[in-house]
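Look at the two complexes coming up: chain A is in both, with chain B in one and chain C in the other.
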Partner chain A sequence: MGARSRHQVRRAEDDLIGELVHLTVTGLLVASLLALGAVGLSLTFGIARFANVAHPDFMMLGAYTTFAFNVLAGVPFGWAALLGVAAALLVGVPVARLAYDKLPVTGTVQLLIISIGVSFILRHVVLFIFGGSLLQFAVPLQRPYVWGPVRLTVYQIITLVVAAVLVLAVHLLLSRTKLGRILRAIADNPVLCEIAGADVARAQLAMWAIAIFLAATGGILFGLNLVIQPNMGWDLVIPIFSAAILGGIGNPYGAMAGALVIGLAGEWSTLIIPSAYKEAIAFSAMALCLMFRPRGLWSAA
Partner chain B sequence: MKLDRRQFLATGLAGGAAALVGGRAHAQQEALRIGVLTPLTGGGTVYGTTMSRMYTLVADEINKSGGVAGKQIQLFTEDAQTNPDAGVRGARKLVDVNRVHAILGTWSSAVTLAVAPIAVQARIPLFCVSSSPAISTFKDDDFLYRTAYSQAVISTVYATTAQKLGFKKAALLILNNPYGIGLGDSFPDRFAKVGGTVTGKVIYNPNQSSYRSEIQQALAGKPDVILFGGYTPDGIQVFKEWFQLGLGGTWMGPGFALDQKFIQGIGAQASEGIVVVEGAPNLQSSAYKNADKLYRAAHNQEADFFAAMAYDHLMVVALSVLAGNGNTAGDSIKANIRKISNPPGKVVGSWADASAAIKAGEKVNYEGASSACDFDDNGDVQTDFGVYHIKSGRWVLDRVIKFGELKTT
Partner chain C sequence: MTEYLVALATIIGIQALLTLGLTLHYGITGLVNFGHVAFYALGAYTSALLTLAGVHFGVAMAAGVVLAVAASLLVGTATLRLGEDYFAILTLGFSELLRLLLLNARELTRGPLGIPGIPRPWRNLPGVPDHVAYLALVLIAVLIAFVLSETLARSPLGRTLRAVRDDDQAAMALGKNVLRFRLTALGWGAGLAAIAGSLWAHYVTYVVPDQFTPEITFYTWMAMIIGGPGSMRGALWGTAILVVVLEGTRFAKDVMPMIDAPRLAALRQIAIGLGLIVMTVYVRKLGGRTRPRVAPASVST
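Let's look at the complex of A and B:
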């Protein structure tokens, strides 16, 4: 009798650990998708100094351009994704330059409102061309690889790896290259930077390209794991902004940490609280973190 | 042949004049004008298209046999777009411009409830296939009729189905909206009444970045069946992630969510074996056999529940007009609907039989293609249910559950 109950306790412990591992993996997947949006958002906020509400719509744009190559033109998914990112850059960068850099407005609030307009235009152009129904890439569903409680399909492994590699690449770019130094300098003091002879306009172009590249990649991975629809970017506005704000908006490193907190807190909470509340829990975690670190997790950096 | 501009103009004018003359000839006979307001775009497209085709087939059949008391049936079609705004615009046009004598075919409950006041105000009958319980209680002055089931009975249907398929333990994965929560509130009781237990109830929000933890939780109690209470878009995402988790399990859910679009969305392999519950046509009736024959001849497909309901809508309206000696006023149609469709009377199912009996002065009881079409005081009927499972990407009928088999209390 005693042995049996000890056995049961042991099993319950194993179950709990297994569930925790499963939730952690799921949280990391969610965080990967959010991070690719939040890092670019934070980068543009730090340099262009306004909250670009249309940023998650660049994720949607990447998913649709890839869909066009993959499904409409019949290009295999891998190549379609590369072409899709290129097409998203070709569309997205001029749109961003035109709307945010070339229009004769400067105020933060004006740019914020313009970005809401850009978001509407992007979504409705996509709605006009592709229609409103759910779309998916022409890739078959996969069975998962199973390592104990960890269950991941090859797409999910790709998602985790691509997100990690890109986030690392952004880190190296910011810390090790001349462009990175200029970008960080502009974030600190744009006027001084211009006086010192840095090519601010070119650096801004590079910034939009990096941000849209990350967003488009994130959108493609989102579409690969779930579905593609015109509102997918809009639905991500709140979690992506939360991740960026939690990281101390304007700071790309913070945005990664913010995405991790939002992703993991939401999933872990389902152990004790009904899952319908997991978004609320994620945002409560954000509020709690900001109470102790009001300028964001990475405020010291 | 090449037309120059002058010839083209002349041909056009002649054609136009012919149309005008033709139109006047019809107007003298005063057609029976029917408004068709099905969704041809949006979430209800599949059903709306099927229904719209069936209205045309029934109208052709009746018109070929000489029409209703000498009146030809004229259909006016508007696209309800699965959207209440578009539904209201369409209904206004049908009522104000086409001056129709009845509106048939609203699919979404939101559209039906938005259009119903227009029909009531115009005093013309509205036949819908929506499932909201609010349609039973709507103050419609007896102008609103429904040939589909009400959601109020659906929990009982799921419980009965689960019992008949031998499932003892069930879990729920339901959408966080009134429909999902309503199912979550009513199903456990009904399932307990037939000896089942609920191992877990997981509520999910739409538009999440992942449903993996919800799926794992729903499966945690090792249920025999998981009842899905959502719609097609979230269904595709949930089932895609479920399949890719590779955890197994049997699913059951409503036909409007697990439809052909859903199967296309997740593929035949992932949808294999899912149990689908949907209203079933009245398979043994002569009306269904005729509806099926018409639909097969024109579209090479069997008539489904929605096609059968469309058949009944137009038959009931046409027979009511015939029973009123050709009176197309809404109040006269309304007064005759239960007289020709409810017992007692000679059971009829086809236009030929029914119109002959009515002309001979007999009392008829129209036995419909979708159900017995015995309308109660709320304008509701009792439908049977079909239990299907998905096999190689298609629904395959397992069994029919008669309305009488449901333990409703």
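Let's look at the complex of A and C:
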């Protein structure tokens, strides 16, 4: 009897570790998707200097343009994703330029309210065209690969790899290229940058393109793993802003770390708290952190 | 027809209370509250649950106000020391998490099923139809709220609040406790929103979390912007215009019979988004800071 209960204890421990590993992997997946949104959001906040509430809707846009090519036009998913990203850029960049750079407004509050308007319009134009039902890409169901407690489908592996590559690419772009140097300079001091002769307008165009490219890719990966619906971007507003704020909004590196914290904390919390409150946990963690580090975890307070 | 006009007037009255509250927040004090609907929801649910438990309507409404004010002070204390972008996003997050909580705390709120059968006060008065009696109740509440807000805005306290809005550094230099004044304004506005929520719950006699989406917050912003932020009279006019226009779009299906109902609803939301943007661009009084010269956290490698 004693031996058996000891055996059961070990089983329970194995289960707990297995569960923890599983949640960590899921948390990393969530973090990858959040990071693709939060890095772009942080970049635009640092350079355009307002909180773009419509940013997660660019993720939704990418998912729908890809859906149009993949399902409606019958293009294989890989090509459809490339075309979808291109289409999202063709739609998203002019929308962002028109709404945020061309209108005769300068106040942060005005831009914030305008971004709410942009979010309403993007979501409902998509709803008007595609309807409100849950959609999926035309991709075959895949059996997950199993390594011990880790179970990953090929789509989840693609998500992790693409997110890691893109985050690395953003790092290289910001730290190694001339464009990156100009972008960092604008974030520090736009006036000085303009005086020094940098092409601020072109850098801003590049910034929107980078941010929307990352968001659209994130949206496509989101749709690949879950479902597509018009509110998918809006539903991500809180976790994405939480990640960006936690990392010190305006700082793309902080946003990556913030996404990791929000993704993992949310999944791990399900061990003790019903999963419906996952988002609440992430948000409260962020709010709590702000009380002690008002500029995010990684800022020099 | 009269019944429809009475209903319209009742809705305008309830929405006017929300707009007056937001005018105290943003128009007078400059607080970018994107979570106004949270205080509305707290008022509605508290009042609904308590009256169904046998508490008198007036007491239930007062309890809702107390709870909403307490919540606003808690949120305000935690977030008002941060910049206005943070405050906007954190209040938006707060309102969405409250909705999540209402959706998931099924034992208390019945979640997505909602709470039906909320009693309506001032029923069966001799000689007065029920809906007219309720309109009278709403109008009395609006009148009291209007006189109170107008008095507050013109009082020395109101002047201080405007000073805090226009230049918080100067107000601080004059020895004003800026945080305390902001909290005062936040509390008053939240209280008005809770009264609106309570009146709404007892008017439609049914509450469900779906009624408390951020759309309510942004309708209120639009009403305030239309009337010109900072003016209590403008808040009333703006609300009347907004509600009439919103209601008017319901008749759009008679003009465009070829479009189905969900698509028509989407068109309405697109119009709201466009309206929000156009109003923001053309209403110059909507001050707010211009884009700050130095970023809150700089991009660094």
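Just so it is clear, the second predicted complex is superposed on the first by the 292 of 301 C-alpha atoms of A that agree within 3 Å, B and C clash if a C-alpha of one lies under 4 Å from a C-alpha of the other, contacts with A are read in each partner's own complex, and residues count from 1 in each chain.
Basically, a residue touches a chain if its C-beta (ideal position, glycine included) is under 8 Å from a C-beta of that chain, and two chains touch if they have at least 3 such contacts.
What you see is a predicted model, and the numbers here were worked out from it, not measured in a lab.
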*Is A:Thr153 contacted by the first partner chain B, the second partner chain C, both or neither?*
first
*Looking at the overlay, does A:Gly250 come into contact with chain B only (first), chain C only (second), both, or neither?*
second
*asked:* Quick check on the superposed pair: does A:Leu103 touch chain B, chain C, both, or neither? Answer first, second, both or neither.
replied: second
*On the superposed three-chain arrangement, identify whether chain B or chain C touches more chain A residues.*
C
*Who does A:Ser242 touch here: chain B (first), chain C (second), both, or neither?*
second
*May I ask you to decide whether A:Ala276 touches chain B, chain C, both, or neither, giving the answer as first, second, both or neither?*
both
_Just checking: does A:Thr177 make contact with chain B only, chain C only, both, or neither of them? Give me first, second, both or neither._
neither
*Looking at the overlay, does A:Ile116 come into contact with chain B only (first), chain C only (second), both, or neither?*
second
*asked:* Quick check for you: in the superposed arrangement, does A:Gly46 touch first (chain B), second (chain C), both or neither?
replied: second
*Quick one: classify A:Leu141 as touching chain B (first), chain C (second), both or neither.*
first
*Shared contact residues on chain A - chain B and chain C*: 274, 276, 279
*Given the complex with chain A, which residues does chain B contribute to the contact?*
176, 202-205, 207-210, 212-214, 216-217, 232-233, 236-237, 240-241, 243-247, 261, 265-267, 269-270
*In the complex formed with chain C, which residues of chain A make contact?*
43, 45-46, 48-51, 53, 99, 103-114, 116-121, 123-125, 127-128, 131-132, 171, 174-175, 183-184, 187-191, 237-238, 241-242, 245, 248-254, 274, 276-277, 279-280, 283, 287, 290-291, 294-296, 299
*In their shared complex, at which residues does chain A touch chain B?*
19, 22-23, 26, 29-30, 33-34, 133-134, 136, 140-144, 146, 151, 153, 155-156, 222, 225-227, 229, 231, 235-236, 239, 267, 270, 274-276, 278-279
*Mind pulling up the chain C residues that touch chain A in the complex?*
32, 34, 78-79, 81-82, 84-86, 88-90, 92-93, 96-97, 100-101, 103-104, 218, 221, 225, 262-263, 266-267, 269-270, 272-277, 280-281, 286-301
